[in-house]
Amino acid sequence: MIRLLDQPFDPGAELNRFCAGRTETGAVASFTGIARGEAGQATALELEAYPGFTEAQIDEIAQAAVTRFGLQDFLILHRVGRIAPGEAIVFVATASAHRRAAFEACDHLMDYLKSRAPFWKKEHGPGGERWVEPTARDLADAARWD
Amino acid sequence: MIRLLDQPFDPGAELNRFCAGRTETGAVASFTGIARGEAGQATALELEAYPGFTEAQIDEIAQAAVTRFGLQDFLILHRVGRIAPGEAIVFVATASAHRRAAFEACDHLMDYLKSRAPFWKKEHGPGGERWVEPTARDLADAARWD
Amino acid sequence: MTRVLLFGRLSDIAGWRERRFDPTPARLSALKALIAKDDRGLGEALDGPGVRAAVDKALVRGDVSLAGAAEVAFLPPMSGG
Amino acid sequence: MTRVLLFGRLSDIAGWRERRFDPTPARLSALKALIAKDDRGLGEALDGPGVRAAVDKALVRGDVSLAGAAEVAFLPPMSGG
């Protein structure tokens, strides 16, 4: 399941809900992305999505990951709007019978979200604002799965 | 931090506590291992540790992982005693500035815990009980980091 | 009539996020030409590296027809998480 | 006097988890010989593949001295998580 959220969310509660009742799962990998303050240089992030399009694009990749890695289930939460340092931006959880599939699928989905998913990110700081685009590392990470 | 627990614990609450106040972290990877019922073939797991020795051995590996992957922090929780299907057996969380280090360290620590950490695991089922030893896959996974 | 949406730095460059074009230009190239005539900086940005277009929420490549298109979006390089 | 601890399947084979040996045997090999004399199955299991020994909570290799050892543990192949 994929949800875009315009308010802070609770990663621990989401993890527990995701794990509940799983007597045949074995492995749940998760990733929580947290807005960094960059020692005062980033006062807020602003995340923009294209509602409808963004979820559909992510779902296409996530469904392919279900097949590729043999996932039982996944959960993707992504903030939009203004995000303060220390707040969770993204939460991805993956469930599978064994841990390798859960780890790899979670890693893969995060690489996709960081460099190819339809989000646009602006960093606000004391010196003004700037659009953040994927780093060379982000692009190389995402290419590992092609 | 490493804790052995003889009672069920709450992975979501642990994740939130681990993430709290992290304005310079960026990335928290986590893994929750859950006891599988194996469609009724596993009615309980029994986990044994060597108190004092087990924590010290894990801490040695975890401290090496802090250096190797550039971690900011880690949390390792591991159940001992009798564990019912659906209960969390193990929870590992890793914090770093960027996601690659957090993912790799979490993956590495889980491989270590599954095949080399001082735990002994017995599976109880309708047909009796058996000691579980690392699978060939577990040993190969752990060897990736040598 | 078609709705044009700009995302990320494109809307900063343009000073708008959404605008209606009536009548709908026949092709994507005609829409871009119309935009460039009005705002050369934006026109150049739409042809910049990594900028993609979506018609009715489906990514398109090249100069597609806009016949019946209700919504055209211009998407600069993406970065989530 | 030294305390001997067995873990995992070793304690199932032995029927005990902890036993005191007084006096402390001089070396690990002497302790194992003493155990094997009493219980051949356990003696063989202690020499089985992947079984390791720890003296005072430190892993040891080969036939070490047990002088001053308060605790000797025998650890079969490990499996957590």
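The letters A, B, C and D name the chains in turn, as written, and every chain counts its residues from 1.
The criterion applied here is as follows: contacts are C-beta pairs under 8 Å (C-beta built on N, C-alpha and C of every residue); 3 or more make two chains touch, one makes a residue touch a chain.
Just so it is clear, the structure is predicted and the values come from calculations on it, not from any experiment.
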Chains partitioned by contact, chain A not counted: B, D | C
{"item": "Label of the chain whose CA centroid is most distant from the centroid of chain B", "value": "C"}
{"item": "Whole-Å gap between the CA centroids of chain A and chain B", "value": "23"}
{"item": "Centre-to-centre distance between chain D and chain A (centres being mean Cα positions), rounded to whole Å", "value": "49"}
{"item": "Chain centre separation (chain B, chain D; CA means) in Å", "value": "27"}
{"item": "Where chain C touches two or more other chains at once, by residue number", "value": "81"}
{"item": "Residue list for chain B, restricted to those that touch at least two other chains", "value": "33, 99, 110, 114"}
{"item": "Every chain pair meeting the contact rule", "value": "A-B, A-C, B-D"}
{"item": "List of chain B residues in touch with chain D within their complex", "value": "33, 47-48, 50, 52-53, 56, 78, 89-90, 110, 113-122, 131-134, 138"}
{"item": "Touch list for chain B against partner chain A, complex", "value": "10-16, 19, 21-39, 85-86, 88, 97-100, 102-103, 106-107, 110, 114, 137, 141"}
{"item": "Residues of chain D defined as touching chain B within the complex", "value": "5, 7-9, 12, 50, 54, 57, 73, 75-81"}
